[in-house]
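Heads up: the structure comes next, in structure tokens.
Labels A, B, C and D are assigned to the chains in the order they are written; within every chain, residues are numbered from 1.
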């Protein structure tokens, strides 16, 4: 298990080298900054200390709940330009169902419970902080019951 | 959109270079040969011509159904050693839900409707052809209704 | 009617060849399987029980009762187990 | 009681500092927010309406009514929007 919170860009190929060795299924999710509304970047603020602890705790929970053989979470903070990757999760499991569900679960949690806050940056400078969405809350509530 | 059916090993980093440019979410699934039951490899047989056409058709269907901006499917045939990747699908979409569901859909289809047949290879040589499973059929039937 | 008939996986092993060109009067895939199964023991071993057999006509999945009108290539194979 | 209080995102901007060390007699997080909101206009702008405010005590998510017994660090922030 590996959890990284860093300002630097990350290289998926390097991080995934050897990941999932012995597993039958590896799922990765990568979140990229889209240029919607003419933005040029995002600023991501985090809570140093709490963010790393929360990610570690949820990566561990996902390992147990979905029977993973490995999990990787990397999340950037600071200014991230349009087109760049913000974060990636990778999950490894014996079969595809566990790997898919664990990645989906981790993403729903990251979107609404991980201590990150983001704001849009336009050509003119910082805009508003991005508001939390009901859709992200609803997505997370899917996991309240044990997986089927 | 890109569909590859080939005997050679593939390099995910090379195939994914530039994949999902402009998207907000990229999901990849990689299937690896596990050493269950003391096997040393799998032999994958395919139907040259039909396999490529069927993969193209389903990749196109997934693009439309899930609003993807890009899709990649690579599937090997021939002898594949334990620990090696058999196949990979990658999906790119504006938001995470479409990318996850499309990858999940493509995998369920690949497991039970794509023209590939596999057999276990032990240290002593070829064993039985792998039988289709009810679980894979059930997984595919999840997609009979329009996505929620 | 002249057809190319293809076999995959254990059907290929039982028939002994991956493909063959044959002449037949069969109207449907099921008729074709019966015709072939009556030709020798190898074809019979592959095609007398169609419970676990899938078919494609001209590289499109088809039912056993699909007509062969205009078909050039018919394939017999077990349920797929890709991925 | 001496506490480190941290602010994130728009709460940080309204208060004007990312963290401060304060003395308080507040028994709960909600009492602490009221205490701080009464100190000046900046704190009031951040903490008088707690509808969209989340809190953590010693880096664990907590309720507004959670007691501050033993707490060393309290953080106020908007709902998270990571990923």
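Rule of thumb we're sticking to: contacts are C-beta pairs under 8 Å (C-beta built on N, C-alpha and C of every residue); 3 or more make two chains touch, one makes a residue touch a chain.
All of these numbers come straight from a predicted model, not from anything done at the bench.
Engineer: Common contacts of chain B and chain C?
Structural biologist: none
Engineer: Using only Cα atoms to place each chain's centre, name the chain farthest from chain B.
Structural biologist: Comparing chain centres, D lies farthest from chain B.
Engineer: In whole angstrom, what separates the CA-based centres of chain A and chain B?
Structural biologist: Inter-chain centre distance comes to 23 Å.
Engineer: Would you mind pulling out the distance in Å between where the CA atoms of chain B average out and where those of chain D do?
Structural biologist: Once rounded, the distance between the two centres reads 49 Å.
Engineer: Between chain C and chain D, what's the gap in Å when you average each chain's C-alpha atoms?
Structural biologist: Computed from C-alpha means, the inter-chain centre distance equals 73 Å.
Engineer: Going by the touch rule set out above, which residues of chain A reach two or more other chains?
Structural biologist: If we look for residues of chain A contacting two or more partner chains, we find 31, 96, 107, 111.
Engineer: Going by the contact rule already set, what residues in chain D reach two or more other chains?
Structural biologist: Expected reply: 83.
Engineer: What's the complete list of touching chain pairs for this entry?
Structural biologist: Every touching chain pair, ordered by label, is A-B, A-D, B-C.
Engineer: Looking at the complex, which residues from chain B come into contact with chain A?
Structural biologist: Going by the criterion above, the answer is residues 12-13, 16, 20-35, 83, 94, 96-97, 99-100, 103-104, 107, 111, 139.
Engineer: Give the list of chain D residues in touch with chain A in this complex.
Structural biologist: Against chain A, chain D makes touches at 6, 8-10, 12, 56, 59-61, 75, 77-83.
Engineer: Would you mind writing out the residues of chain B in touch with chain C in their complex?
Structural biologist: Going through chain B, the ones touching chain C are 31, 44-45, 47, 49-50, 53-54, 75, 86-87, 107, 110-119, 129-132, 136.
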